[in-house]
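Next up, some structures in structure tokens.
Two complexes, one shared chain (chain A), two partners (chain B, chain C).
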Partner chain A sequence: MSEARNNTAPSSVWKSVLRFGLVGGAIALYFCMVGMVAAFDQRFLVAGQLTLGDLVLYVGPFLAGLSTARALADRTAWQRLLFGLLAGAVAALPSILIMLFSQQVNIGAVFVSLSSPLINILTFGRGLPDGLPLLVGVFGLLGLLGAAYTFLSQQARNAVNLALLVIVTVALFSDIPIRVIEKYFSARVARAIFQGNALLPLSAVVLSLLTVGLSYFGSLRAAKKKVGESKKPERLILGRYPINQVLSWALVIAFLLVLPQTDRVLAHVMMFIGLYVMMGLGLNIEVGFAGLLDLGYVAIFAFGAYTIGILTTQAAIGTFGLSFWVALPIAVIVGVVFGALLGIPVLRMRGDYLAIVTLGFGEIIRLLALSDWLSPLVGGAQGIVRIPSPSIAGFDINSPERYYYLVLIGVALTAFLAVRLRDSRLGRQWMAMREDEDVAQSMGIDLVQTKLLAFAIGSASAGFAGAIFAARLGGIFPHSFSLIISITVLSAIIIGGFGSIPGVIVGAAVLVGLPELLREFNEYRFLIYGILLVVMMLTRPAGLLPTDTFKRELESLEEGDEGMNNPVSAGG
Partner chain B sequence: MAMLEVKDIHTYYDNIHALKGVSLEVNEGEIVTLIGANGAGKTTTLRTISGLIRPTAGQVKLNGEDLADYETHELVYKGISMVPEGRGVFAQLTVEENLEMGAYSRNDNRVRDDIENIYTLFPRLQERRRQVAGTLSGGEQQMLATGRAMMARPKLLLLDEPSMGLAPILVEGIFDTIQNINKEGTTVLLVEQNALMALSIADRGYVLQTGEIVLSDTAKKLSNNKMVQKAYLGVD
Partner chain C sequence: MGRFFGRRINFGDLVVQLLQVVVLVIVVVALYNTITTGRYTSRHWVSLIFAGLAQGSIYALIALGYTMVYGILRMINFAHGEVYMAGAFSTVFLAQHFASNGFLNAQPVLAITVLILFAALVSMAVAFLLERIAYRPLRNAPRLIPLITAIGASFTLQYTFRGFYGTQFRSYPEVTALRGTVSLFGYSIPIVQLVVLAAAVVLMFVLYWYVERTKAGKAMRAVSEDKAVARLMGIDIDKVIVTTFLIGGALAGAAGVFNGLYRPQGVYYFMGFFPGVKAFTAAVLGGIGNIPGAMVGGLVLGMLESLGPNAILEGLGIPGANQLKDVIAFTFLVLILIFRPQGIFGERLREKKV
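Moving on to the complex of A and B:
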């Protein structure tokens, strides 16, 4: 501990400990107070050992230790660990104070979540005040772990992150592996790995060791490859593509085709994700390609759904009784036409104004659907019921799996269209317009035409998605078409990466799939959206799977400031 | 007949009367400069010519044809190309992709050759052909914007303050290039605050003051004009 090494003054060390500790404590307390900790405590990840609630609770102290150790980079290793531990312990203070306060004064009316179950969790079942030292100890330990995390090499960090991610994912979605194992192996095998919905401790250990091992092996190989990069590796080529690329695509496609067969709920969820992917890809044309921030996209979805409803319903208000297959292209066309029509009044608007006006459009359409004025046609608040399920050559599309395949076709079509458009002359026009409208015009680009085409083409997939949605539910109601849909689709685009097609798919899977599969999350859906968006903007501003242009821009930015801290995706 | 004829145009921003009867002419093969202080209306004049704003009165004619019937995006097909103030390069595209965008209006197969020509004009751009335009320096962005405008093979090039924010040495380079472009047959209307440089390469000039042309003459006579010297050349 030579004096010369210590660049941070002692007082600022304590300031760091206190600051990061209290911030971590605030995070922990926040998760407690919104009820997540208590609600998620029912959900075991590792049987008897670790619940989802614990995991959420541990994020705060872990981050406190990690940040403190980072801030004290010029100190000795032992000091960093020690202060990390202290910061973790400090993170326990806010929760302790609130709990002790609640003993004296009844604040239950304000903090509804501060219930005895929560206190039970925070004191590890020992009650107040006996459990408090234990809480300080556990939080301190997590702070220590957070500090220790900063010592790991990038490789090791990746391995740890991945292992954690794999365990949490497998445990959260255990329904799927359990059902797959039960179906293709036996219930006994499933019981040997899982207990209820949670991983058994042994399988958790094995799984994490496996992941760590594989991740290490992978990064070693990647490193070796880098060394021998000059030699061109021999590759098997199948047609125009390397064979491993063909194989991985085949695997993905097989996965997409087979997975929904294993489970109805899963098929339903995947169908839902697919609907959002379709809408995401369409809205991405408007927002990502053309830079038109449209918050009224749900209106087009509603147009598609209502077109199917009106044209195919067998209820009393129906006068057309068309088949789904005739009505489907009409729904798409209606979507396209109204997309363009709604685009006309906003031709001269940009950015925020455009967002607000289109948001208004979305609401107007919903209110019109609710109105008495149109109720002879669209059923008002009662909506339209008795929409028959489509059938093709005597084959009824009436189960989640079958709808899923229908959606999959829609997704494939939309994705194909989006890729082709992006690389087309029109795609260039959109890009130029997004970057600078005046310059685009002076280069000869017709803004009116370019904008309307973006709205119209982007709307086609929403019409399609709405059509399937209506047929799947068998009935449609105005309240199904709220602003939330527009927001979810837009969030999927942002999380996936503006303009990136694979990004939209991943974004929709995360935002729509997670809450559907995890009932526990449903209540906190928007809280988690918010956290996810903020964390994403801080750590991966370009999205999960950014486009090349976006990546390029960020890379060339990074060349300028190498000292920037690299993003951490630590869980806790 | 002049190539570009601006006849007594009045342009408003809501109720701000930005141009109060501006008239000017640009003949084929000339470099004509429009100088004036901040807020005089130079950019507004260019924007009016290119149709980004419409005048409430007056006419803009190209080779005798009234441009009021054309949209901005159609003018490039008539041979007008503009380098906007503040450059407006496509930040997310590479240098080369920016140049390709500049040829958007063309459908001949000489685009590649022209890109190479631009690189000869601006060797700096060739070195950075794969770099994203948003990360170019200010001077390089100006070169790129100019090069991109040239990619449309314009007959008339409108330049809005190409020297803005550039070091003196780069300013000279840009003005040399403008002269070269002009020698190759492109007519230039050059808006500038750097009156000294602009008048040194221009054939004729106009002085704009709060929306009105107060002087017009050959470049040589303007640089000797007492009032111009005092107001724009810093000579008393």
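Moving on to the complex of A and C:
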């Protein structure tokens, strides 16, 4: 983007219109060809007006207008709007060309998404030649909106973003509010707000105005407050805990305890989120605290699950027939032991080699579980079935809600462990090691012991999660333990923020909860994970809820010399 | 834990050394068992060796991309397997088209050349975008960050092509000219294996010539040696890096077509993962950053994978040994990284890069 003080030359103006327009158009075309636009088009956000597919389609032209207006910051407002509009219109070109081309050559046989539903969406149901001007017009309008967005103040922008987020979230998860409203109020109230799964236009407008108003005036007031007021001493409970914090924690806990009671599907999803939070907290010890990038974490999860399977199954394979509660500690211990065992040979490795070796381990374990060789022991491709559900004193844990509470206990245990470890001497050793192994060693940290402890402790929660997973499903199969689980857990940590415990919880909730609740997303969940990983690393490598240490680390690296020639770097 | 062994002995080294002995003993015992039972004839072994060489030459071509990028950027381009997939998966449609209009069997040499060029072009485009969008902005970031980006890019590419072309398996058509066998020293070898091996070797020699003899290759070596100094010498670093990615992409695309000709069973969106990890193994085996090393590493790995199940696993009395082909490759990867991370030819690189 040009930073020229003077008016940009006319030729470069056209160049940036063309450039940003085409990039925006490429983004729009990409979402079309990948199939997201057509797949998400069934899902209305605002009844009759806006689908999720539209939203995805509109990102490209909007960004084109926005970037163009930003690049031409030295021009007058009208010119910026005009060129934003043009860039948006240009963004329609790639899609139009592909559609016209598909009329001549049958490339629909190659690109599965380039079908008549997609063309229908892009031409607004008007057929091919007639709908094209409309597409250019709509994209141009979006470019204009993108350009207009640059005029907003920071507060207004935040308010608009928030309103959009609120509407999309409410509309996407409308199942939950609808069911809650129907249960506790009446179906008529729900019908007044929603139609099907989508918001009614009026309620969407009211909701967005409400959000914009609250957010805008809230931030204005906050800004005013900051100027004048001195800090009031906070009231404390039990002499050390601030009352606000205690209250909000109590609220969160009550929410976590009550919410699954409202809905069975929700309880199931929250249980799954809980499993991933457990694994995320464990992997966070390895990756986030100690900087050991482990891609074979799923192997430990598998060890936990298979331990439960072998020890408790009532099928022919098992001869032990232990109860879940006896097998659970064994599963955790097996996880810890194998975590440490896998850790020993990789002690001398750093960074990328470690990642590849652990990935190799994970795949070896999965392939062995699948093989005929070990099938007398672990069931091969048929897996282990008939794993009984656990029970305490006649109280069977057999429904999603009950498993959820079991998982919640596990999460609470691991979270407690993680918090205490983070603030312990060992936690500080891990972080010192993450930042620089050589310096850490010269400060007297025993690298062998510290690394092995990270692997062992991090593995415990995966063993635990695997155990619950096996009992919940009642049967385990080798393909449940593919690399994708390691990647999901890793993504949760990274989205949330390296080493940040609340971050792991948010990350798991977003990455696991979203696709489970939204069937539309399920098809594209791994694509979205991949894009999220790349985008997060490019824009916010510290994550959504970063820890202070990691932020500082990144900043110091950016200020420092080129990391490229510097072999000693964070986590390396 | 170090305390139990006393301060003098490095615990990690001790374990590694013990492991080394154990692995050697297992392999020797297994080989001894296999040879003494005499279950397989020399014909069987030779056919396995050639199959391994053909497969290995495909690994080698992919490994070159890993090794070149590592040599220059010191990063593992985790998504390189997907670059290979992109070329192979996109070209299958063109190949099917050529087969249906008869071009493939009428003019096999020309048709296959076109296919290779097309695959190379697609893979180059993907590699170019990968470098431009995902890696370039992160060149000075901590090492963990580009690695995670690469993992994300790998998944993005897999599922992008899944979205483009669907989840179906597609097969390359069979080329009649490549059917049949030739007789070599009394052993009959499938033609397709020899062609793949020969073509791969030719490509490798072209690459070697390019890197060692041309001015652009010299610039590449200079950048891999020291970026700051290379820049002072007037070398456009960005251009060199892009060229590296493009060459790696082209070779991976070619490998994709060879794979299609050699093993037509099917291409699909996930096909890049295993060859990618194996090619990485080959690159490490040859000493990462070392071009001839990657070639040798690929061929060795291919043979090991092909011979391993029969020679080692069956010697240990493991049933269904051929299922465990990938386990052999992955175990080999782990063992190589543990025992000799500098690879066969990589002594010089050790302190600097590992």
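Criterion: the second predicted complex is superposed on the first by the 536 of 572 C-alpha atoms of A that agree within 3 Å, B and C clash if a C-alpha of one lies under 4 Å from a C-alpha of the other, contacts with A are read in each partner's own complex, and residues count from 1 in each chain.
Rule of thumb we're sticking to: contacts are C-beta pairs under 8 Å (C-beta built on N, C-alpha and C of every residue); 3 or more make two chains touch, one makes a residue touch a chain.
All figures in this text were calculated on a predicted structure; none of them were measured in a lab.
Using the contact criterion defined above for the overlaid structures, shared-chain residue A:527 touches chain C, although it does not reach chain B. Of the two partner chains placed around the shared chain by superposition, chain B is the only one that A:431 touches, whereas chain C remains out of contact. In the superposition on chain A, contact of A:120 is made with neither chain B nor chain C. Note on chain A: of its two partners chain C and chain B, the one contacting more of its residues is C. Once the two complexes are overlaid on the shared chain, A:389 sits clear of chain B and of chain C alike. By the touch criterion defined above, A:398 lies against neither chain B nor chain C after alignment on the C-alpha atoms of chain A. In the superposition on chain A, A:482 contacts neither chain B nor chain C.
Using the contact criterion defined above for the overlaid structures, shared-chain residue A:34 touches chain C, although it does not reach chain B. When the two structures are aligned on the shared chain, A:446 is found in touch with chain B and with chain C. On chain A, the patch touched by chain B and the patch touched by chain C overlap at residues 446, 553, 557. If you check the complex, the residues on chain B that touch chain A are 50, 52, 71-77, 81-82, 84, 88, 90-94, 101-102, 104-105, 131-132, 134-135, 148-149, 152. Chain C makes touch with chain A in their complex at residues 1-2, 10-13, 15-16, 19, 73-76, 93, 133-134, 137-149, 151-160, 162-166, 226-228, 273, 277, 280, 284, 318-320, 323-324, 326-327, 330-331, 333-334, 337-338, 341, 352-354.
Put simply, chain A touches chain B in their complex at residues 428-429, 431-432, 435-436, 438-447, 549-550, 552-553, 556-557. Across the complex, chain A meets chain C through its residues 30, 33-36, 109-113, 291, 293, 295, 344-353, 355-357, 359-361, 363-364, 367-368, 370-373, 446, 448-449, 452, 483, 487, 490-491, 494, 524, 526-527, 529-534, 537-538, 541, 553-554, 557-558, 562-565, 567, 569-572.
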